[in-house]
Amino acid sequence: MAETPRIDQLPGGLASGLEAVLLVADQPVSEARLAQIFEVEEIRITEALLALANEYDGRDRPRGFELRHVASGWRFYTRVDYADFVSSYVLDGQTARLSQAALETLAVIAYRQPVSRGRISAIRGVNVDSVVRTLLNRGLISAYPDLGDGGATLYQTTEYFLERMGLSSLEELPPLSPHLPGVADLESLDSAIFDD
Amino acid sequence: MAETPRIDQLPGGLASGLEAVLLVADQPVSEARLAQIFEVEEIRITEALLALANEYDGRDRPRGFELRHVASGWRFYTRVDYADFVSSYVLDGQTARLSQAALETLAVIAYRQPVSRGRISAIRGVNVDSVVRTLLNRGLISAYPDLGDGGATLYQTTEYFLERMGLSSLEELPPLSPHLPGVADLESLDSAIFDD
Amino acid sequence: MTATVTSPVASDDAQPEAAADRRFHLELENFNGPFDVLLHLITARELDITEVALAEVTDEFIAHLRALQARGGDGLKMLDETTEFLVVASTLLDLKAARLLPRGEMADDEDFELLESRDLLFARLLQYKAFKEAAALLGHNYDAESARVPREVALEPRFAALLPELVFSISPEEFAAVARKALEPKPEPVTEVGIGHLHGANVTIAEEARALHGKLSAHGTLDFGALIADADTQLVVVVRFLALLEMFRQKVITFDQPDPLGVLLVSLVDAARLDTDALDDDYDASADRHRLQPAGADGEQDHG
């Protein structure tokens, strides 16, 4: 790139360009995609985003919005401090809480995906049909693509799950309790008893 | 109002509070409404908004967004200088066809309007947030006028939808078979799902 | 908040007289199944999960099971729940029984089996505990994130206008067909959680009883080890054991165990008494008879 990228010829430069694009984004936007749009190196995007996020957090005052990296990219969010005011403006399904049963089921799916309802039931010791339906409706889990082997439907968490949990990837999930036997052991444990 | 309003006790104060609410506002928000939300005099809202708009226009750099007063209130818009980049983001990956998911969602809205996203999700068994946004962007549906009851946003089909369908009114939509569950049944279905 | 489990009766801790009254009384609806109850019972006693005072916990657990059954309710759901509890309860009972017997040397396979079933129960309990902790973390994250709202608003008109003209040529009739399909009640997904996973796909007490009957008819007397030598899963072992208990009740066989924790000999006494139909009635809910659930229970699933 010998020429100056177009974005650098504008008064606000890359920082303002990123603000504009992220303002219309209705889902996280990856750094790679932004690099393509602005025709600059990805590293410049990363640096600019980090600087922006930093600036919003309080160069002169903490802004009402923050820039966060969740799921697979960056997105504008309202800042927690103003949650009361925001929620008095928007009241949607967003804030509906998850039941204990839903959270436990979600945890099993998050750590064991892709996983069948039978396996989840075995781990939780109860039937999970209706809870799985709730999680599907909420968009927190989805059916794993059919393997075509006639096996039971498997479930996995979605990108939206990552967003809702404020995680960038599944790797950020904290490890399960250290007392737990190794994952491999449990797999065999599960299948020894509960395979149907 | 003898007491200090809550918003003035927060680090970013009214300016940041306004940023937060306007960030998630889907349509222009009136100064009266904002005054209500923040429990301050309307004149303070007006002043704060003007100051913000001014700040975005260039105190240190022209931001990628601007705050504009349109007919019914205030809203964030992208700054026109960056329109090229925003367009290339918006157009990327857009198709001229409605996906099957979008079509089904549209059908549910057409026959059950006005209807909330939660209800559509319950009917379709998946999260429909992004599909609903696509339909909104395409002008096929619109938000039902706010009932002011703090309930979830409801959606309805638009005139443009009728035009595209070649219909002159909703009554011309072919009737569905009589065995489909009536609205009452769906109510109970929904509550069963959401109470979980 | 290390390894503690939120106790639905935690408020009782504030009252000394409630702490003294260690009797088991819980809001059943607060629990998420047998592991939840078991965990609660253990933590309520501040016991190390690996050194549970089995006898006490077992008694309370059985009491809980009774309460659960007394509660009644939707047939299939009750059956599911009850059977889940039964698995845990029977394992606990097994272990309790072993504790009551004199401690001996590890004599044979049965001891190992007992140990194995204990380990299995604890492994499952630990596993559940780990997931419960993970759930608490996720719940915390979820609630924290609820305080942030992502920007997701409709496109500004000038960008919406840029979108390629929609190809949208569907007749009203086709559109109605789409609506019909979308609004139709979805068939319930096949439940995988009947009692199928308890008995495996095709392990039933009646069948195992028939098989055991066959073996015993051929040999007259066999020790338990021989009767389960070809069992390829723990489940088959458990089911055969239950089958033997039933056969004992029907006076088909007798048991003889010369030494504590020694070899368990099983002898056929009256082959003609075996009534496997009765076993179907009692145990096999996937057979045509459904004695354990009210006739015409709603939400019955098709297992197939």
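A, B and C label the chains in the order they appear, each numbered from 1.
By definition in this document, contacts are C-beta pairs under 8 Å (C-beta built on N, C-alpha and C of every residue); 3 or more make two chains touch, one makes a residue touch a chain.
This structure is a prediction, so every number in the text was calculated from the model and none was measured.
What chain sits nearest the middle when you go by CA atom centres?
If we average C-alpha coordinates per chain, A lands closest to the whole-structure average.
When contacts are scored as defined above, which chain pair ends up with more C-beta pairs, A-C or B-C?
Between B-C and A-C, contacts are more numerous in A-C.
As a quick test, compute the distance in whole Å between the mean CA positions of chain A and chain B.
22
Could you please state the distance in Å, as a whole number, between where the Cα atoms of chain A are centred and where those of chain C are centred?
From the centre of chain A to the centre of chain C is 32 Å.
In angstrom, rounded to a whole number, how far apart do the mean CA points of chain B and chain C lie?
Each chain reduced to its C-alpha mean, chain B and chain C end up 45 Å apart.
Among the residues of chain A, which ones contact at least 2 other chains?
Chain A, residues with two or more chain partners: 22-27, 65, 76, 78-79, 86, 90, 101.
If I count partner chains per residue in chain C, which residues reach a count of at least 2?
In chain C, residues 149-153, 155-156, 159 touch at least two other chains, as defined above.
Hey, which residues of chain A end up touching chain B in the complex?
6-7, 10-13, 15-27, 29, 33, 37-38, 58, 61-65, 76, 78-79, 81-82, 84-86, 88-93, 96, 99, 101-102, 130-131, 133-134, 136-140, 142, 158, 160
Which bits of chain C are touching chain B when the two form their complex?
My answer: residues 149-156, 158-160, 162-168, 170, 172-173, 175-176, 178-186.
Which residues of chain C touch chain A in their complex?
3, 32-36, 77, 80-81, 84, 88, 120, 123-124, 126-139, 141-153, 155-156, 159, 188-189, 191-193, 196-197, 200-201, 233-235
Name, in rising order, each residue of chain A that touches chain C in their complex.
On the chain A side, the touching residues are 22-27, 65-66, 68, 75-80, 83, 86-87, 90, 94-95, 97-98, 100-101, 103-104, 106-108, 110-111, 116-118, 121-129, 152-153, 163-167, 173-174, 176-177, 179-181, 185-186, 189, 192-196.
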